[in-house]
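Questions regarding the structure given below will be posed in turn.
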Amino acid sequence: MNFASDNAGGVHPRIMAALAAANDGHVPAYGGDRITRAAQDLLREVFDAPDAAVHFVPTGTAANALSLSLLAPGWGKVFCHQDAHIQTSETGAPEFFTGGAKLITVPGTGGKITPEALTEALILNGRDSVHAGQNVALSLTNATEWGTVYDVEEIAALTAIAHAQGMACHMDGARFANALASLDVAPSDLTWRAGIDILSLGGTKNGCMGVEAVLIFDPALSDEFEFRRKRGGALVSKHRFLAAQVLAWLEGDLWLQMARHANAMAHELALGLSRLPGVRINQRVETNAVFATVPREVYSRARATGMSFHLWPHTQDEAGDEPLSIRLVCGWDTRLEDVTGALAALA
Amino acid sequence: MNFASDNAGGVHPRIMAALAAANDGHVPAYGGDRITRAAQDLLREVFDAPDAAVHFVPTGTAANALSLSLLAPGWGKVFCHQDAHIQTSETGAPEFFTGGAKLITVPGTGGKITPEALTEALILNGRDSVHAGQNVALSLTNATEWGTVYDVEEIAALTAIAHAQGMACHMDGARFANALASLDVAPSDLTWRAGIDILSLGGTKNGCMGVEAVLIFDPALSDEFEFRRKRGGALVSKHRFLAAQVLAWLEGDLWLQMARHANAMAHELALGLSRLPGVRINQRVETNAVFATVPREVYSRARATGMSFHLWPHTQDEAGDEPLSIRLVCGWDTRLEDVTGALAALA
Amino acid sequence: MNFASDNAGGVHPRIMAALAAANDGHVPAYGGDRITRAAQDLLREVFDAPDAAVHFVPTGTAANALSLSLLAPGWGKVFCHQDAHIQTSETGAPEFFTGGAKLITVPGTGGKITPEALTEALILNGRDSVHAGQNVALSLTNATEWGTVYDVEEIAALTAIAHAQGMACHMDGARFANALASLDVAPSDLTWRAGIDILSLGGTKNGCMGVEAVLIFDPALSDEFEFRRKRGGALVSKHRFLAAQVLAWLEGDLWLQMARHANAMAHELALGLSRLPGVRINQRVETNAVFATVPREVYSRARATGMSFHLWPHTQDEAGDEPLSIRLVCGWDTRLEDVTGALAALA
Amino acid sequence: MNFASDNAGGVHPRIMAALAAANDGHVPAYGGDRITRAAQDLLREVFDAPDAAVHFVPTGTAANALSLSLLAPGWGKVFCHQDAHIQTSETGAPEFFTGGAKLITVPGTGGKITPEALTEALILNGRDSVHAGQNVALSLTNATEWGTVYDVEEIAALTAIAHAQGMACHMDGARFANALASLDVAPSDLTWRAGIDILSLGGTKNGCMGVEAVLIFDPALSDEFEFRRKRGGALVSKHRFLAAQVLAWLEGDLWLQMARHANAMAHELALGLSRLPGVRINQRVETNAVFATVPREVYSRARATGMSFHLWPHTQDEAGDEPLSIRLVCGWDTRLEDVTGALAALA
């Protein structure tokens, strides 16, 4: 019973089969092959964005950092939630790839930035100046690091504020499929129609082996992306094996099926947990993660059964008697019996 | 009547004379000259630090960013006050020179970090990890951006926390002389004896034409500094003209005299302002800056007389009826009649 | 018939099977899994280097650039052949990851640096100085970009020169298996016993889907590598799928079998080509690439048959009547009938 | 008798007087003052470039590296002479400020690039590609590191080649005044009218205390320069003291008078040296440096008299019997008796 991360899961069999099928003969390297073109075309179709540039990279950190490097020069400021993955979990990759841009963190409950909080942060950061730098970009994570989602209107409200200041908008969509499945809206509505300029679209956490797509809705930035990807060490040579994953992931809406399943498992898990005495669900479960505060004995029992999960925040003291806050993540391959088994073990 | 910044002031006549005197014949460039050696030696003596490496650079931003680059790799985190100059006013220079380190801002009144706030920030940032990066340095500004000072005990308490975590300690001493004059302690007590590893020591704001010294109390880092300074474009060729300023600045305690004078003028100004109806002094005046909130008519009268000063924070709205918060900075060359004249005009 | 690159080839069936087998249940992400540990251990065993740190990355450019970043600060100089991949084909990745190090190119026939040429380059670059920077590393490619190999003595002679100057030694082993198969020596003899400090070991060009190993023979540098890999966007989350490739690649000496086959095919191809009228083999074929100058009609016939290969150098003029120089690369999956078919078509 | 470098010299008395005169009262910092505006305007007038952006920095390395950073992204290639200061003597500053651009060195006698050599280098570097990077800029030094000059036609021929490839053109004018004095042409003819896009104009080596101007003939790049200058630590706060130097330097053509004098002294010195038995002048003396090969006994005598000068190249072996090649640089303050004294001592 592994609820540590959707990264701990495996690869969907249809994607594994697509990899095997792609392993046929010689094809041009570095994305010049037909599978890559097909995957790019399919993403453009799925996002109703015929002019978008589409590129593939092997990690989410590369996707985010390269995307931001198109929007932020070294003297730029990128506004993001204080718990954003780009701030807390990428070891300075955004700063590295942008050549020194500064992430300005915005507080907010549930991992979400409100228009008020963004406006306040912009006021605090003042006008662009040679001393203070430039406010250049907003980065939103959807689904958020707390498993919540921004809906279309929320995204649009935030991007409107950013665009009014001349800033561009990035979305970290490491769990975009989970957000989409949760909201049941069109991919385009949740991205470019709502003002998103670049999307890092995660496949790895949602059943792929290792591929993230970057959708650049303003294709003028595409050439620069390609140079940056190569010199960033993120241009995969046998590119068909990235693209084949993406094709299988999208075909027949597999990505949404997997995301829906993961979300449903998390709902189930939260429902069960909420019935346990002393357990508090800390965050409305909108996608595939459950954040709960549990009594010490429940925590210890969970560890004793070998369940994998993380303290959230990481910085809590495992020694002691206080209740602990934990994160449980479900994936495309979490089975209902994993959930019921976990609940039984904890009860 | 210019209270905009101590950067707006001129050069002390004795320093100007030293520049003229240094302009004699040919000497080795890039710091190989005798004036440079003398200035380095004198600083080592003044700071009672016979082994310290001493280097000169032309700007405070270079001094800070180069100093931090010795302490923080690109995946490092540097803790500083949320109003620290390195965070608000150097356009990402620390990020640039370190190759992407992240500044973690700590809140605190009066521009000062408390041990509690530092400890909390360290807990929030958790242990070093490949995902979160490394907590590597603490940077303290003394005197602070709000004109307050950390005393010896305060510095020691903060550096002890940092050192206990394996972090190094930098001091941004753009206005170090003002702090020293305010506290009346030995330079060594306020720096390396209190746990500071590197000091950026500002001359420019305190009567020099343009020179900052970097004192590296652990001289093992000195060679790297020299490479970084050169490739950072901050190695001045006719080096004697940096060093000559430093020599004259230190000789006969001129630096402290100038700092004491500037501090005294600020006290005078604050005293007078505090007697004006509706004026509130926002920050105990400990060095050479006065932060006050003034009624709109006082503000307008000040502007009308041609007085120079800044809104503080910059982001206040100049239109409107509300009282405004302003910063008034005195320098070595602020005359008592400037202060009394200003007060008279505003009364 | 594709002789464009060993990147154009597919994945060996045993490696593909290993990927499928690794796709079993949940395991820790980011390299905390057992498959990763097994692959690291096996590499340490194969290289007879029990203390070496072993890490995996998704691309050869990441492997090289990250490796160099451990050896070269931004003011360092890295000596490499003028045709080295790090100089000609990585778009400045080494400069990016090192923070600005300079590649000093050394000329030499057959893609190889001689001791004399290295010594001359070192003399020309003089002593370390604040103006000139530091000579910090030597990077050798083996097999070279021209398909030749350095033998053990050649490596040892070059690394001895470098080490005598305090420089460290990196090997770009994108085609290390081909070199090893050609020389029939132990991996350790061709690397750390010959003075190599860090090896980028390529799997992708030799039958893997996409994985490169970095062997750091001085494990003190390992922690820094991990930070650099993460902030460089090269830490793959579902790490078992990198490691599984490596395990299968090494098991039963599959890597050497594949390399031997590719080398043998290149020899066969060269032999046949050398018998064609007007064709000149430009480089002794020591591994899996053939460099030949062919009459224009042979060139046109090859293109007409749909054979894939590159002009080498790329900068030749395809229009005109002159003979053209081309590169033909064989891979683990080049069949003898591909070679004989190609030769028949060109005859 | 100091012929080590024009950096070893002092400041012209009129420039020192201008510094003293500028030291009057409070003025806005960071270039907002009237002296800065006057110096910018005067440079625009002298260069007949009413729209040019003009900025001041404290070092030549900052001027060059910041200028190149406007023209070259991290994946760009900058073509320069193999002996260019940016390649040999700035410790990777161009790579640092550009974020990793690669300097492609072009050989050529007398420190000069010929159209043929540039064309060959461009062919060798081929077309832009994601693997090879982009050819983005040409950097010419005038006067060159070997004291020679490019005339207007030579500059125009080289910039035409570069512009035809979509590349921009930078001039390192650390000794631009010496070139101008040598050629007796208009500043505009030797720069923007001949195709130069950005000029680093050196004051320091030619009688200033420490100031370099950057003239950006396409003012669209000016804003970015200002951000880059600040975060590069090269924005001097008491800016009037940079500008005052420039004003005095230009007024009454002082810069050209000083350069003419330095050039004349070098001619005199070369003439005298050429008459000494066994001495060979290695480079036609076109500006203020003399490159000569001298018998060992002449060399030893020169060292014995305390004359300062450099071996050129630095890497020659001072032990031994062979003749040695040296560089002797004259400055604005080299006196005729220094020259005759030196010649007498060596005879």
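Per-chain residue numbering starts at 1, and chain names A, B, C and D are given in the order in which the chains are listed.
One rule holds for everything that comes next: contacts are C-beta pairs under 8 Å (C-beta built on N, C-alpha and C of every residue); 3 or more make two chains touch, one makes a residue touch a chain.
Remember, predicted model here, so these are calculated numbers, not experimental data.
Colleague: Could you quickly compare A-C and A-D and let me know which has more C-beta contacts?
Modeller: It is A-C, judged by the count of C-beta pairs in contact.
Colleague: Farthest from chain D by Cα centre, which chain is it? Let me know.
Modeller: Using the mean of the C-alpha atoms as each chain's centre, the farthest one from chain D is A.
Colleague: Based only on mean CA positions, could you tell me how far chain C sits from chain D in angstrom?
Modeller: Distance between chain centres, rounded to whole Å: 41 Å.
Colleague: Can you give the whole-Å distance between the Cα centres of chain A and chain C?
Modeller: Inter-chain centre distance comes to 34 Å.
Colleague: Based only on mean CA positions, could you tell me how far chain A sits from chain D in angstrom?
Modeller: Each chain's C-alpha centroid was found; their separation is 50 Å.
Colleague: Going through chain C residue by residue, note those that touch at least 2 other chains and give them in order.
Modeller: Those would be 30, 74-75, 90-92, 96, 99-100, 130-131, 133, 227, 230-231, 235.
Colleague: Hey, which residues of chain A end up touching chain B in the complex?
Modeller: Those residues of chain A that touch chain B are 74-76, 87-92, 95-96, 99-103, 123-127, 130-133, 313-315.
Colleague: Which residues of chain C touch chain A in the complex?
Modeller: The touching residues are 2, 4-5, 7-11, 16, 19-20, 23-30, 57-63, 65-66, 90-93, 96-97, 204-205, 209-210, 227, 230-238, 241, 308, 331, 333.
Colleague: If you look only at chain B, which of its residues touch chain C in the complex?
Modeller: 30, 73-75, 99-100, 130-131, 133-134, 224, 226-231, 235
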